[in-house]
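Take a look at the structures below.
Paired with chain B in one complex and with chain C in the other, chain A is shared by the two complexes that follow.
What follows is the complex of A and B.
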């Protein structure tokens, strides 16, 4: 393992005070991204195309929720509040996740008439997992040791996630008829918001300056390079440019989908104030 | 080989006699072994019902997965519900092997469920309106399931006995997961304690029903005689219910909860628990898919089935092409 920046030590939970703001911002992006996507994944439980997929998808969503929990824990260690509070009690405007990850799985509700869109889910998961892998690779090599260590742990699980979604992506897009039409539409839909996943937001330059992560331009190039072979496999044109159609979540811009998600995921948490569950 | 040749020449009565000797000697029957039709039919019914009950059983808790009140609870209940789907999958495979000579597959089982030709367990027709219900399901429904499944761990049908072994090992974790939720509520605020008591009130009758009617004449449909004859299970419904009381009634009381049956007590002379019978007419209605949540939960699966039709079609096309 390469030598870490001398500003850090293994047990240290305080970053350089001037860089702390950028670090906290980055951790919120990482935590909220995984938390919201794991939540959307958990809504699929019992509704996936077949029972094997239900089990595999659930396992991926658990991993992803576990990743969020590790990031929230890092924030707790930095004195930002308890991990549960950070996950459950922050209002939409304080959330830093990409809008793509908060968007609903489709029309309906997870308990009533869930007319969920498997194509959108596959494409969102596949694109996001690629971006996440690139981001993690960058994080493991950076200066804040507690984060680099968490990133290395997460990386191990990501290999399987990527394989899983890549298989679905290629299989469905290469299937004739309705499947290809739906997948093509889903790719357009995901691409329209994918820039929101790739950006590091208004404090991105500070994150780079403090050696926390690579520049978002570099990360974007690497993500595109990672996704390109799959597009060759399915014989589709590259869906550029990526957009932020529904806003930049990194800067606190969100959709009503997030309000609905937060209301549901914190319903019990908020029901009895100060209770232990 | 010679033994095989001789066996095929035996009359059906002789085969049956040998079969009974084997199971009475504690031997395991495997999927490809000869078995009487009655045995095969009883197993298919039992295992298919068990499989779809696991799958439908994921739904009441599924309601609480996105809402679980902490990161730890969210992870715990996700893992638990995933296990239940895994049990469903494992059991579908066991049922499929038994159905193969009849030319049927798991698709038939799942379609029978959606078309209401195949029943699922009474408890999973009930509402789970609070977080306490989610905890109670883990603690007491899984606790009850451990009892009925342990009762079949030595089933004469080997593949089922082996599946149950794996399932029971996981059920123990489920019961601990449920108990941990219950303990937090029992030690919690006034609201949390009330939430817990109300959940127990709601689930008590369903828990009694879980073990099935005491005798065939209660509902006219008890399968327990056949399953005991073929050494699929050992204890009767009533023995299991009594075991459940012995294990859980003292624990429920110890948590300061009230069982919604003032006649409930242990009769030392008779050596058994005295309790009020649940309404077995209601039980019959519930398992006919007329329970409080039967149709809503079936509808959820039907919607998903319809919604994903294009995915199944695409996978089918890929398979044929390959």
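What follows is the complex of A and C.
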């Protein structure tokens, strides 16, 4: 199969062979998280509440897809296969994204009567972006230089994603009537699966031991501390404890929502293997 | 080709979406090396999700080859991160000519204030944090009543 080189330069990279498994696992989590959420974001194109949001959200999703591409590139550099293949061709059981991020935007289909849930989307995006920021902060100070550099680059861009979703979160939750009711329910729905975003999965301890990232308990505490002020701002109780209601995606447990997403997003890739991306 | 000639050529390579500004103005060129007529150029991507990166690479290759290089390699670096203070003074002026306010030099939490690129007024309001591309925002000038775009400040904290 002939594929065009990706935009970013390739560098030969090495990590201690015994630590490579943990590194690869971490990179798959980072890549798949951003990839699936960017895909769900892209399904909103043309359906967001107003045209300015359509523009903003599609920019954010495109940028997030760019972040996923960087992580897949790091995996390619480690000899895990081509970035395109890793993004499109891996089956659901091989995916390491948190289940929360694969879940559909709401009932319906983006081509047929979409009844997407904007409250759920805002809460999921806001919670995830805070967790992502905390994770990046940890990664920039860690031992694997290529990942630390990518994290530093993504960090400066993420600032704007966070501003955007924080604004929506506070404004909708503080709005009277239906908005607050729906946001409160969405917070419960997101919290029920948010532990799946915070966990590093079965190989988490190895990742910490190899100096790749901070312990998930520390990251969780920091994420909670980052989210708490927004709850004070909107006067809502903290939605603890977080759960993994629909399974632990880090360990390959997923929902039919992921099968549907992968079938759709890889349709062209599978139909035209020689397509240039 | 000499290094200086390569830099001069790169000044003619414009941003695909902002035709008044070159990639040199934007501070995207990190390094130029010339060995026996073969040119290698290292660029910094502005935003990672930017779809213009491959177009820029192709334009750079074409321009430098036409200027006489025997071989050209273009790579995008992931380090250091591109920041908006890399935009030159000339670049800031050329952005204004295109109707885009240059990025503020400092990043303040929350809203930032920019001058209208058309009339210079400070009475402007942000309409949308995200404009037509990830690196821009949409503003409105209360003085001359024109909508305009502004480049986001992208700076490394600490």
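Keep this in mind: the second predicted complex is superposed on the first by the 259 of 277 C-alpha atoms of A that agree within 3 Å, B and C clash if a C-alpha of one lies under 4 Å from a C-alpha of the other, contacts with A are read in each partner's own complex, and residues count from 1 in each chain.
Throughout what follows, contacts are C-beta pairs under 8 Å (C-beta built on N, C-alpha and C of every residue); 3 or more make two chains touch, one makes a residue touch a chain.
Remember, predicted model here, so these are calculated numbers, not experimental data.
Q: May I ask you to decide whether A:146 touches chain B, chain C, both, or neither, giving the answer as first, second, both or neither?
A: Only chain C is touched by A:146; chain B is not.
Q: Please indicate which partner A:177 is in contact with in the superposed arrangement: first for chain B, second for chain C, both, or neither.
A: first
Q: Using the touch definition from the top, say if A:223 reaches chain B (first), chain C (second), both or neither.
A: Touch partners of A:223: none, neither chain B nor chain C.
Q: Of the two partner chains, chain B (first) and chain C (second), which one does A:39 touch, if any: first, second, both, or neither?
A: first
Q: Would you mind checking which one, chain B or chain C, touches more residues on chain A?
A: Of chain B and chain C, B contacts more residues of chain A.
Q: Touching A:52, do we find chain B (first), chain C (second), both, or neither?
A: Both partners, chain B and chain C.
Q: Looking at the overlay, what does A:66 touch: chain B (first), chain C (second), both, or neither?
A: In the superposition, A:66 contacts both chain B and chain C.
Q: Looking at the overlay, what does A:154 touch: chain B (first), chain C (second), both, or neither?
A: Touch status of A:154: second partner only.
Q: Which positions of chain A sit in both the chain B and the chain C interface?
A: The answer is residues 52, 55, 59, 62, 65-66, 69 of chain A.
Q: Which stretch or stretches of chain C touch chain A in the complex?
A: Listed in rising order, the residues are 42, 45, 47-51, 53-54, 57, 75-79, 81, 83, 107, 110, 127-134, 138, 152, 154-157.
Q: Chain B touches which residues of chain A in the complex?
A: Those residues of chain A that touch chain B are 39, 42-43, 45-52, 54-55, 58-59, 61-62, 65-66, 68-69, 72, 83-84, 87-88, 106, 108, 110-116, 118, 171-172, 174-179, 182, 264-265, 267-269, 271-272, 274-277.
Q: Per the contact definition, I'd like the list of chain A residues that touch chain C in the complex.
A: 7-9, 52, 55-57, 59-60, 62-67, 69-70, 146, 149-150, 152-154, 156-157, 159-160, 163-164, 167
Q: Contact residues on chain B for chain A in the complex?
A: 55, 58-59, 62-75, 78-79, 81-82, 85-86, 88-89, 92, 131, 181, 184-185, 187-189, 191-192, 300-301, 303-304, 307-308, 310-315, 317-318
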